[in-house]
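Look at the two complexes coming up: chain A is in both, with chain B in one and chain C in the other.
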Partner chain A sequence: MTVELRAVTRSVGGEVHIHETSLALKPGGFNILLGATGAGKTTLMKLMAGLDRPTTGRVFMDGRDVTDVAPQKRGVSFVHQFFINYPTMSVFDNIASPLRVAGLSKADIETRVGRAAEILRLTPMLKRRPAELSGGQQQRTAIARAIVKDAGLVLLDEPLANLDYKLREELRDQLPAIFADRGATVVYATSEPSEALLLGGHTATVDAGRITQFGPTPQVYRDPGNLATAGVFSDPPINVAAAVKSGDRVTLDGGLTWSAEGAAARLPDGRYHFAIRPHHVSPEGGTGVPVTGQVLITELSGSESVAHFALGPATWVAQSPGVHPWRVGEPHAFRIDTARGFWFDDNGRRVA
Partner chain B sequence: MDGLRFLPRRFWIALIPILYIAFLLLPIWWLISMSFKTTNEILGGFSLFPQTWTIENYMVIFTDPTWYSGYINSITYVVLNTVLSLAVALPAAYAFSRYRFTGDKHLFFWLLTNRMAPPAVFALPFFQLYSAVGLFDTPLAVALAHCLFNIPLAVWILEGFMSSVPKELDETAYVDGYSFPRFFVTIFLPNIKAGVGVAAFFCFMFSWVEMLLAKTLTAVHAKPIVATMTRTASTSGYELGLLAAAGVLTIIPGAIVIWFVRNYIAKGFALGRV
Partner chain C sequence: MKTENQRAWFLVAPVVLLVAFNALVPLMTVVNYSVQETFGNNQFFWSGLKWFEEILTSERFQAALGRQLFFTFTILIIQIPLGIIIALAMPRRGIWVPVCLVLMSLPLLIPWNVVGAMWNIFALPDIGLLGYFLNQVVGIDYNYTRDPVAAWITLIAMDVWHWTSLVVLLTYAGLVSIPDAYYQAAKIDGASPWAVFRYIQLPKLSRVLTIAVLLRFMDSFMIYTEVSVLTGGGPGNSTTLLSIDLVKIALGQFDLGPAAAMSLIYFLITLAVSWVFYTVMTRNEGK
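This part shows the complex of A and B:
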């Protein structure tokens, strides 16, 4: 199914939730909405589902204007972040409910529910109530209900956010496979950049009620077109500093200076924003411009170390594999691989 | 104190609630005991148990239409009121729970203020209004009058129960293809059935015990049992045993209804907000 938002906005009580946004989803593929909590991902999905009406603008599905079409008639599925099932129905009845409403025959319903339950490994739980299931099983029930009716558009709103780590990884691996041969257009909202990269497909970055960029996920990651996209698509948060270019030298706010290289060398003189991902800031021994900063916080996440250190007026973040002997409160040497940085103009547009 | 040692400590701890419960039950016991006595015995002296058991009082109530029609009238308007109150309160509570609109909070609070005035205040306007439109002395008159304080209460209770159901459940149902009425009846109502039960119980209870409006708005045809029961003397003089029997029978419906909602009453008193 093709889904298109044309210049939609959404305001509630004078408060703008979605600024004018146009978006044509990649039909039959995984479309990821990546953004922080409250950025407007859920609102965008509700606009697609018909649960919210755009204040202005139109919504198109398969070329047809569906702005005034009720969610019941749009042929969409929706999985919420919180495990939403019908508590008074068994798992079987939960999964069967869209088919019952659609008026399918009893035999038909049984085969389709059986198939969906098998894919999501719910077969032994079909007779139980949702409250008797674990969180992962509850969410799998919701996903089964979403796939059983073969909707053209499946909206998954942070479906794994409330699951524990192990279940999340397991389900995340299964999800693309579940939808791969269904031909459904899938929209998947997440606040985690790593999840977007793992799922692949296309990504739209959402920031403060705007879609800042849309394209194939690796491309959006490698080539952010603006500062907002670079900020959304980085975890830990991307390092940003005001910079001045003059001749062949660039100087960061705070005094750090080096000679401009690559595309940055061709920029006209003036004020810019320099942004660089934390994993391009490495401890002593890496490549790039050497700096020394006082370490403020250190974290160990999995096999990676993260250090927050003071550099000029800002706090910078360095991320590198392995465990490092950083000590909080002491100065340590880092290297900034400036050639990997992004340059943005004063309006946040990418220039190099 | 030495003499009391032979009783275990647990006995002394249990004694206090036992005394308290006995104290609470005393008037009810007295009523039951009276209902099985003859009027002469009641007036004659003090006795914990009836000297001569009689079911004469109950026989009179079950055979004399002036008595049993009181129960029929009361049950009629109480049931009518409960159905009316729920029918109005369910959609109202859903609106308050799911939609934001101008003045919703004020309106919601205003509803409850209807309970703050004594029913006596409304006796006169209701009496005059119902007389004018020909509703006077009908069960419907009392049922409608009781809606005045039962609908707000039902709205408050149901709103609490409804708001504990996530809005995403509604959205999931719409996306699954449920129309609003079908969703409301087959998915939403079963989810809040405890709340509906508690709201129905409170409507039933308040309508059942309310006397002033029920008495004022009826004369002969729709006379409620509370009106029949509270006349102290009749043409045949004092009938205390009969009145006691009527009292016992009046307690029973409430006791039956409370049994069904016993597990949810606390949540009901908290207006569904536990």
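This part shows the complex of A and C:
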């Protein structure tokens, strides 16, 4: 199913939730909405589902204007962040509920529910009630309810956010496969950049009620078109500093200076924003411009270390594989691989 | 070094004393009266379970108990569904929410004897607004001071007016705590309003409704003030509920033994039914 938002906006009580946005989803593919909590991902999904009406603009599905069509007539399914199931119904009845409303025959319902339960490995639990299931099983029930009706558009609103780590990983691996051969257009909202990269497909970055970029996920990650996209699509947060280019020299706010190289060398003189991902800031021994900063926070994940350090007026983040002997409160040497950085103009548009 | 001492008893003593004086001592006094025959001059004679037998087999008690059960059952049958309907109709957001909540709270804030007095005057056939309207404008012969049926209707109308708000407020609190996502899921499924009520709202309200039924059962089973002011148990004995009858025996006839036995039976019935409700409530929680 093709889904298109044409110049939609959404305001509630004078407060703008979605600024004018146009978006044509990749039909039959995985479309990821990536953005922080409150950026507008859920509102965008509700506009697609018909749960909210756009204040201005239109919504099209398969070329048809569906702006005024009720949710149940749009052929969509929606999986919420919280495990939403009917509490008094068995798992079977929960999964069957959209089919019953649609008026399918009993035999039809049984085969389709059986198939959906098999895909989501719920077959042994069909007779139980949602409250008797684990969180992962409850969410799988909700997902089964979403796939059973073969909706053309499946909206998954942070479906894994409330699951524990192991289950999240397991279900995340299964999700693309579950939807791959159903031909449905899937929209998946998440606040984690790593989840977007793992799921692949296409990604739209959402920031403060705007879609800042839309394209194949790896491309959006590697080639952010603006500062907002680079900010949304980076975890740990991307390092950003105001910079001045003058002749062949670049000087960051705070005094750090180096001679411009690559695409940056061709930029006209002026004020810019320089942004670089934390994993391009390495401890001593790496490549790039050497700096020394006082370490403020360190985080260890086992396979990698993260250090927040003071550099000029800002706090920078360095991310590096392995365990590093950084000590909080002490100055340590870092290298900034400036050739890997992004350059944005004063309006946040990517220039190099 | 001795680490154990008895000092901790001093810390619980205030509670023990408090409970003793406000619950245990009065209750035991009643138990004391219930097994003795009382004569003037403060003379008491042991009478065993005589009073209990007499009360339980007396037609007067059985009739009062019957009226009491009928009253409680009727007001529950009316107030619980009506409370749910009103709560469902109330706005969930906007400026009307506080207005509705205040309006709903008003009957609950009026002293019970005032409620009785209000309805007593309101329903008087010659001067009361309701009574006069029914008799003179609608043309129904309505006189609750003379006609038992009219007295019952007035009594039930008064209790519904006074207490439905409690059910409304409890149900409303339960309703607003249901996450929007449930309603969205129902919308996506295309579920009917009835299905939303049956499969989302009612299950999510089950606990708060159990509490509402329990509270309304206890309160209505022990009702005294409003009835006493409105009808005083009349006309005849037609609205003499258990508590009214109890006061007649205890203070009117000063039969301390039977009154004490009746109090205990009354208390045990209330306790038993409340216990059943409590068991049902905790069993539902286990699920």
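Operating definition for what follows: the second predicted complex is superposed on the first by the 351 of 352 C-alpha atoms of A that agree within 3 Å, B and C clash if a C-alpha of one lies under 4 Å from a C-alpha of the other, contacts with A are read in each partner's own complex, and residues count from 1 in each chain.
In this section, contacts are C-beta pairs under 8 Å (C-beta built on N, C-alpha and C of every residue); 3 or more make two chains touch, one makes a residue touch a chain.
All values derive from a computational prediction rather than experimental measurement.
S.K.: For the overlay on chain A, clash or fit between chain B and chain C?
M.R.: When both complexes are placed onto chain A, chain B and chain C end up clashing with one another.
S.K.: Between chain B and chain C, whom does A:Val69 touch in the aligned arrangement: first, second, both, or neither?
M.R.: Neither chain B nor chain C is touched by A:Val69.
S.K.: Touching A:Val289, do we find chain B (first), chain C (second), both, or neither?
M.R.: neither
S.K.: Per the contact definition in the header, classify A:Ala161: touching chain B only (first), chain C only (second), both, or neither.
M.R.: neither
S.K.: Using the touch definition from the top, say if A:Leu198 reaches chain B (first), chain C (second), both or neither.
M.R.: A:Leu198 sits against neither chain B nor chain C.
S.K.: Answer with first, second, both or neither: which of chain B and chain C does A:Leu267 touch in the superposed model?
M.R.: In the superposition, A:Leu267 contacts neither chain B nor chain C.
S.K.: Contact-wise, after the overlay, does A:Ala314 reach chain B, chain C, both or neither (first, second, both, neither)?
M.R.: Touch partners of A:Ala314: none, neither chain B nor chain C.
S.K.: A:Tyr86 in the overlay: touching chain B, chain C, both, or neither? Say first, second, both or neither.
M.R.: both
S.K.: Is A:Ala49 touching anything from chain B or chain C once the two structures are fitted on A? First, second, both or neither.
M.R.: both
S.K.: Following superposition on chain A, which residues of chain A contact chain B and also contact chain C?
M.R.: Looking at chain A, the two contact sets intersect at 46, 49, 51, 70-72, 76-78, 80, 82, 84, 86-88, 97-98, 101-102, 145.
S.K.: Okay, in this complex, where on chain A does chain C touch?
M.R.: Chain A reaches chain C through residues 46, 49, 51, 70-73, 76-78, 80-82, 84, 86-89, 97-98, 101-102, 129, 131-132, 145.
S.K.: Taking the complex as given, what residues does chain C use to touch chain A?
M.R.: Touching chain A: residues 179, 181-182, 184-185, 187-191, 195, 199-200, 202-204, 287 of chain C.
S.K.: So in the complex, the part of chain B that touches chain A is made up of which residues?
M.R.: Residue positions touching the partner: 100, 166, 168-169, 171-179, 182, 187, 190-191.
S.K.: Considering only the defined contacts, which chain A positions touch chain B in the complex?
M.R.: Touch list, chain A to chain B: 13, 46, 49, 51, 70-72, 76-78, 80, 82, 84, 86-88, 97-98, 101-102, 142, 145, 149.
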